[in-house]
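The same chain A turns up in both complexes below, where it pairs with chain B and then with chain C.
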Partner chain A sequence: MNYTLDFTPVIEGLPSLLTACLGTFTLAICGMLLATVIGIGGVVLRQSKIAPLRWLVIVFVELIRNTPFLVQIFFIYFALPLTGIRLDPTPTAIIALGINGGAYAIEIIRGGVQSISKGQMEAGLALGLHKGQVFRLIILKPALRAIFPSLTSQFVLLTLTTSIASAISAYELTSVSQRIESDSFRSFEVYFTVTIFYLVISWLMMRLFALFSARYFAYPVK
Partner chain B sequence: MNDIATTAGNTHPMISMTGVEKWYGAFQALKDINISVAKGEKIVLCGPSGSGKSTLIRCINHLETYQKGEIRVSGTVLGHQAKTIDAVRREVGMVFQQFNLFPHLTVLENCMLAPLRALKLSRQEAEGRARQLLERVKIAEQADKYPAQLSGGQQQRVAIARALCMRPQVMLFDEPTSALDPEMVKEVLDTMIGLAEEGMTMICVTHEMGFARQVADRVIFMASGAVVEEAPPAEFFSNPKHERTRKFLGEILGH
Partner chain C sequence: MGRDEFLFLLIGLKWTVALSAIGFVCGCLAGLVIALLRTSGMRPIERATAGYIALFQGTPLLMQLFVVYYGLALIGIKMDAWAAVAVGLTLHASAYLGEIWRGGIEAVPRGQTEASKALALSYSSRMKDVLLPQALRISLPATIGFLVQLIKGTSLASIVGFTELTRAGNIISNQIFQPLTVFGIVGMLYFIMCCPLTIYGAYLERKFAASAR
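Here is the complex of A and B:
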């Protein structure tokens, strides 16, 4: 154990590590937004009267949840160009994160919707609202509130999963730290620092969700 | 135009059910129901648990489908298309046993939602209506509270106001006081009595026989999915014709 710690390369690389955190945030936030859209849209299609649409959602969820994220992101980055769709690493990572997170979000949000009593739906319909309006205006918010803790953990996980985007050299914290590590060979110092960074990022995300929840779900329940 | 058979003259009843039959799978929940309710008439529907009272009134606004017969609401045949169903639902208010207020909306927002979204009223108009009707159910000062902050009786009065905000022609009540603590039953019944006195057409599923005596034009007694007996309250209570009715009244009035 005559390894002497030397944080100089890390300190010199600090500005680029910090800006890389912005890259991580960008991937995470955009990925979450996309995942939310897919999650809510998927729940709507999952309840559709048209059976093939329901099957489509079931197949999508099973496909995504039972394959590795790394393979999914490689598929979009390396395999899709063969069909003429060529995307840069950052959009690729956002789409992959959105799709992956979306598949989990569908199942989570669906649980929330099912937890809302049938009486809410009936009260809306009896007032002359359409099914779509009932879902949007009456069911959705209480349903999201019911599952918000699960959605938060899923999205913190999504935030950490951004590090896998380093495999296609997307601009984010892990790929930048890899570069500093391979230039300096200071593996311990670099990954120790990055670990702390990720902890802080996770914590910030949780705070963000807690703040959102406190504002958006402020109504009292029995 | 065949489906919306609203024709000249106001001679048709507000609600008419002819030969309505409903099955849940192999179980028949409604058997040959024939009921006609005139404008302004108040009906109390009673009967033992499972006799089909809820099913019957839920067919009127198509929360339940039925397999045979015809239901007309102020002359409009309640077909199975979305268009006529929506039209009828806007004319028919419903109050549920469990209130079913929307927990994430304030009392005022609960009352404004459907007028804004289904009737496309302006905010100003919808709010005016909501405040006026909250006043009428004596709960105006709670307008900015959320449902969870109100007592059961208050919640049910808000639910009545919310339904009235659509200016319905008919009000359906499905055991509106059964989920309430005894001391709150009166405030809800008084609201309903007030509504009756103003001439609202009402069908109430309830076991509040005092209410039936006071406001009902007719009491309809159901058992096993069929109408057994119908009569004005005086006659219904003093001189029930059928054995089942007598048995039911005996149980409910504690004779």
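Here is the complex of A and C:
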């Protein structure tokens, strides 16, 4: 067993690996934005007075949470063209990430909304705010603040999930590293380095969320 | 999709179940060790296990599987793809379960530790008879939640090249050109495995929340 580690292909591929990190960030950030929209929209529908709408959200959440992302992304990748939408792998991956993250976001945000006491909502209405304002300022913002830590860890998980988008060859870190690996056969060296890149990326994401939280949720609680 | 194709998927399903079971059982054993080390009270050991957990929680499972798969070959251990994946899943599970159970151990009221020390119980008896039964009970919903994650995670073995359910789906879909039917069925098979667990986990969580009130 005489194997000497050789990091030359990794060093040579460093520029393309670093730009691929931007691809991973793009997937992650766009996926999160879509997931947040789906999350908030889903919660609104989940509270709706129309029962079939509520059921629809429940079925959506359970279907997504109980199947692997890899199967979901394959399904979406093959399903979109049938509906007449032709997209590149990268936008397809963003849609898949948004749908997957959105299902988890619905459950998390719903927990936050339920923790807001009814009196708070009634007080808002009594003060003459209209329904939209009450939802945005009095329910959603405190709810998001209450569940922000869970949302953070869910979104860091979403960032790590972007690596699975390599299965449909979206442009991100894992697919680029697979290309370098198949050119150089230095599998361990490449994947070891990329693993450390991911560690840094998830750490950066956590910092980003901490900053966001300090900026938007720093008002006093009572 | 004919009967033969469906049977092929079921063979894949069998491997998915086997991988999940091996990963979970071995992960539980290793995770218990991690949780105990993480709460051992010895600073350097606690730091090291915290680092181990952060490493696995901060990197994608896919990368972990790649590194283990190629790393094992590198240090001269010849292994089948499925065994390498099982090792990868075990390490992954040990970090997550270790963290979940650390939370459980720390959630047991401090007085319990003090009382068992006052009764001169040995460390093993204090853990085995007093703390762990309560800690495991507290963390049961989260443990089941992680089991669901693990079952879904085995799908990544397909990228490493092992024919479990998802890869079986890939193969069939390339043969009969009906990706939506095939991946729809594959998805439903995963759903049938995971959904009862999710429901059971949610039920336990509600039950514990009610009894804590």
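Some points to look at:
As a working rule, the second predicted complex is superposed on the first by the 219 of 222 C-alpha atoms of A that agree within 3 Å, B and C clash if a C-alpha of one lies under 4 Å from a C-alpha of the other, contacts with A are read in each partner's own complex, and residues count from 1 in each chain.
Definition applied: contacts are C-beta pairs under 8 Å (C-beta built on N, C-alpha and C of every residue); 3 or more make two chains touch, one makes a residue touch a chain.
Model, not experiment: these values are computed from the prediction.
In the three-chain model built by superposing on chain A, chain B fits alongside chain C with no clash. Contacts of A:Leu63 after superposition: chain C is touched, whereas chain B is not reached. In the overlay built on the shared chain, the residue A:Thr26 is in contact with neither chain B nor chain C. In the superposed model, A:Leu199 lies in contact with chain C only, and not with chain B. Legend: residue contacts after superposition of the two complexes on their common chain; A:Glu122 is shown touching chain B, with no touch to chain C. In the superposition on chain A, A:His130 makes contact with chain B only, not with chain C. With both structures placed on the common chain, the touch criterion links A:Ser150 to neither chain B nor chain C. Judged by the number of chain A residues each one touches, C leads among chain B and chain C. Of the two partner chains placed around the shared chain by superposition, chain B is the only one that A:Lys141 touches, whereas chain C remains out of contact.
Applying the stated contact rule after C-alpha superposition, one finds that A:Phe75 touches chain C and leaves chain B untouched.
Here the vertex is the CA centre of chain A, and the angle it makes with the centres of chain B and chain C is 110 degrees, a multiple of 10.
With the two structures overlaid on their shared chain A, chain B and chain C come no closer than 22 Å at the level of C-alpha atoms.
Counting contacts as defined above, no chain A residue meets chain B in one complex and chain C in the other. Residues of chain A that touch chain B in their complex: 117, 119-120, 122-130, 133, 137-138, 141-142, 145, 217, 219-222.
Per the touch definition, chain A reaches chain C in the complex via residues 1, 3, 62-63, 65-72, 74-75, 78-79, 82, 156, 160-164, 166-167, 174, 187-188, 191-192, 194-195, 198-199, 202-203. On the chain B side of its complex with chain A, the touching residues are 61, 63, 82, 86, 89-90, 92-94, 96, 98, 100-105, 113-114, 117-119, 146, 148-149, 159, 162-163, 166. Considering their complex, residues 55, 58-64, 66-67, 70-71, 73-76, 148, 152-156, 158-159, 166, 169-170, 173, 179-180, 183-184, 186-187, 190-191, 194-195, 198 of chain C touch chain A.
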